[in-house]
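What follows is a group of structures, each given as structure tokens.
Here chain A shows up in two complexes: once beside chain B, once beside chain C.
Let's turn to the complex of A and B:
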């Protein structure tokens, strides 16, 4: 017998945008970007099916944990929780093997799901922890609320340092061409909800600085196309933009899956996008062509199986 | 031509019109958002089937003041929200893209004379 995992359905658990707009953007980006595997505890304390409930209880006491997975060679069979122990004590079956008394109908998470899925599931099911399986249905970790709090604190501290190190400064006297800005936006695969935010931010900044509308449009088009490209084609990546010394530099960097034939990908009308993407008006194979058209300098480097980096430079001086 | 005049002349439904006096100078008919970004002129009304908020984002980038959704397609709430925030008008027509583009073209040509 093995556990009957109930795997979360993807459309059902899409993170909701905060209707009041109060959710900090950095936090929203983090819970989209971080995967369950980045947060879970991978050092597992487990028992085999043949262990007694008493042995499981003793292990839980020693390790100060409230549940222990039943696992053999990576195969996940169930979970012994405090409730199961109490029931066994009451029924006088604490000396029996845990395979008879463990919980087998379980909600599990997969290790490559975004952290937002895990948050939604804690909210929905009120369990203290969720076992984490990989694609091969092997037990690879366990995740509890404490893991999430710890990971978010670490990531937020890192984000804060990064934000402190980037800056907007007016170093020149005319306040137009001499601005220095550096920003990074994490972009998640298929996250059309947030696509366009970087382009919009750069556009607003340049409008405030009274740049010529034609220049603003070129920069915004390059940023938007590269954001959409990350969203549609990559497994997630980072869009960064920088304005300094009379140049706007926009870089889209991802860690995969890479482009087999870069020259083909840069040709007008060629695309690997699926029908769903095309029905949204994207993936017509014009993105990179558009970026190239508006750029004064354009560079793309890619390797199948690893990542892609696209750089667009537009002179603004 | 103002948005209000365009709506009246062409019999369009003004689903969301943040500024009825906004100037529309031309039209652009396309469902490919990259094509819109590449070629849509500033001041155009975008005539499209793309009833989602990414169309609003693209219009904001190119400076198109209005989107006309054809075939009476439903306009989702999140598209309305974003359009309201960005000040992009959302119009609707029961007609197809060709028919409504001809109407708008004729109306704009009259004002140009």
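Let's turn to the complex of A and C:
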């Protein structure tokens, strides 16, 4: 007998929205970017099917855990929970093997799902933990809400330090010598509800600063194309921009999946976008070409399996 | 001819009156490919499209379009009206096909 895992279907990667629309973008980006495997406990405490319920109970007491997976050589059979132990105590079957009393109908998560998906399932099912399987259906970890809290605190602290060290806003008024603005926008994969907002904000700020319309248009087009590219083609990333020393610099940086052939990707009409992306009006393979067109300097570095960085520089002086 | 007058010519229902509603239209772009729209360097542009998505409005804002008319009588998601209000972008919808709308707009902007 093995567990009957209920894996969610196509992950709906869109996080639950705050009705007031007040979610911090950094937090949204984190729960999209982090995968279940980044957060789960991978060092598992498990028992074999032949272990007794009493042995499982003793292990749970020693390790201070509220559930223990039943597993042999990576194959996942079920889970012994506190409820199972109580039922066994009441029924007088605490000495019997756990394969007879474990819970086998389980909801499981897959290790490459985004963390937002795990959060949604904790909210929906009210379980204390979810076993985590890989694509080969092998048990690779277990995730509880404590794991999520810990991982988010670590990541948020890291993000805060990075933002504190890099963000300089509205310093000076002289575009030739000093920085006007340096801002970073986290961009989530397939988040079309928000895609374009960063470029729109950049354009509005440039209009407030009364930059020449032609310059504003070029910067806005470069920022928008790069933002859409991050949304469509990357696993999520960051769009940053600054104006200093007579130059506007827009940088799109992501952590994957990378481009195998950069020269091919920069050609007119070449695209890896799927039909859904095309149905939204994008994916015609003109994005990078258009960024190059409006840029005075253009750089792209990428490596398959890692990340891509695209930099567009537009002279404003 | 203003955006408002063009909307009348195309028998369009104006859902959001944005900043460009009384601006003159000098160029019309008809496309469902936003990447193509971003390639156009024309001022005072009206965007005709049969694509009903928020990104149409964001794209129109980036290129400085005076307004967007969604053709083919496509039902618009409510989010489009919200985004148009946020961006102060004029948004209208017309029952004409894209071809009919192009012909009507051309005739209106280029009287014999």
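The criterion applied here is as follows: the second predicted complex is superposed on the first by the 292 of 317 C-alpha atoms of A that agree within 3 Å, B and C clash if a C-alpha of one lies under 4 Å from a C-alpha of the other, contacts with A are read in each partner's own complex, and residues count from 1 in each chain.
Simple rule for what comes next: a residue touches a chain if its C-beta (ideal position, glycine included) is under 8 Å from a C-beta of that chain, and two chains touch if they have at least 3 such contacts.
Just so we're clear, the structure is a prediction, and the values are computed from it rather than from any experiment.
Enquirer: Putting chain B and chain C onto chain A via the overlay, clash or fit?
Expert: clash
Enquirer: For A:34, is the partner it touches chain B (first), chain C (second), both, or none of the two (neither)?
Expert: A:34 sits against neither chain B nor chain C.
Enquirer: Could you look at A:265 and tell me whether it touches chain B, chain C, both or neither (first, second, both, neither)?
Expert: In the superposition, A:265 contacts neither chain B nor chain C.
Enquirer: Determine, under the contact definition given at the top, whether A:198 touches first (chain B), second (chain C), both, or neither.
Expert: A:198 contacts neither chain B nor chain C.
Enquirer: A:248 in the overlay: touching chain B, chain C, both, or neither? Say first, second, both or neither.
Expert: Neither chain B nor chain C is touched by A:248.
Enquirer: What is the contact status of A:316 with respect to chain B (first) and chain C (second): first, second, both, or neither?
Expert: Touch status of A:316: no partner.
Enquirer: So which positions on chain A get touched by both chain B and chain C?
Expert: On chain A, the residues that contact chain B in one structure and chain C in the other are 192, 195-196, 199-200, 203, 213, 217, 220-221, 224-225, 228, 280-282, 284, 286-287, 290, 293.
Enquirer: Spell out the residues on chain A that touch chain C in their complex, using ranges where they run on.
Expert: Interface residues on the chain A side: 192-193, 195-197, 199-200, 203, 213, 217, 220-221, 224-225, 228, 280-287, 290, 293.
Enquirer: In the complex formed with chain B, which residues of chain A make contact?
Expert: 17, 192, 195-196, 199-200, 203, 213, 217, 220-221, 224-225, 228, 280-282, 284, 286-287, 289-290, 293
Enquirer: How about chain C: which of its residues touch chain A in the complex?
Expert: 32-36, 38-39, 41, 43, 49, 51, 53-56, 58-59, 61-64, 79, 87
Enquirer: If we count contacts the way the header does, which residues on chain B are in touch with chain A in the complex?
Expert: The touching residues are 31-38, 42, 48, 50, 52, 54-55, 57-58, 60-63, 78.
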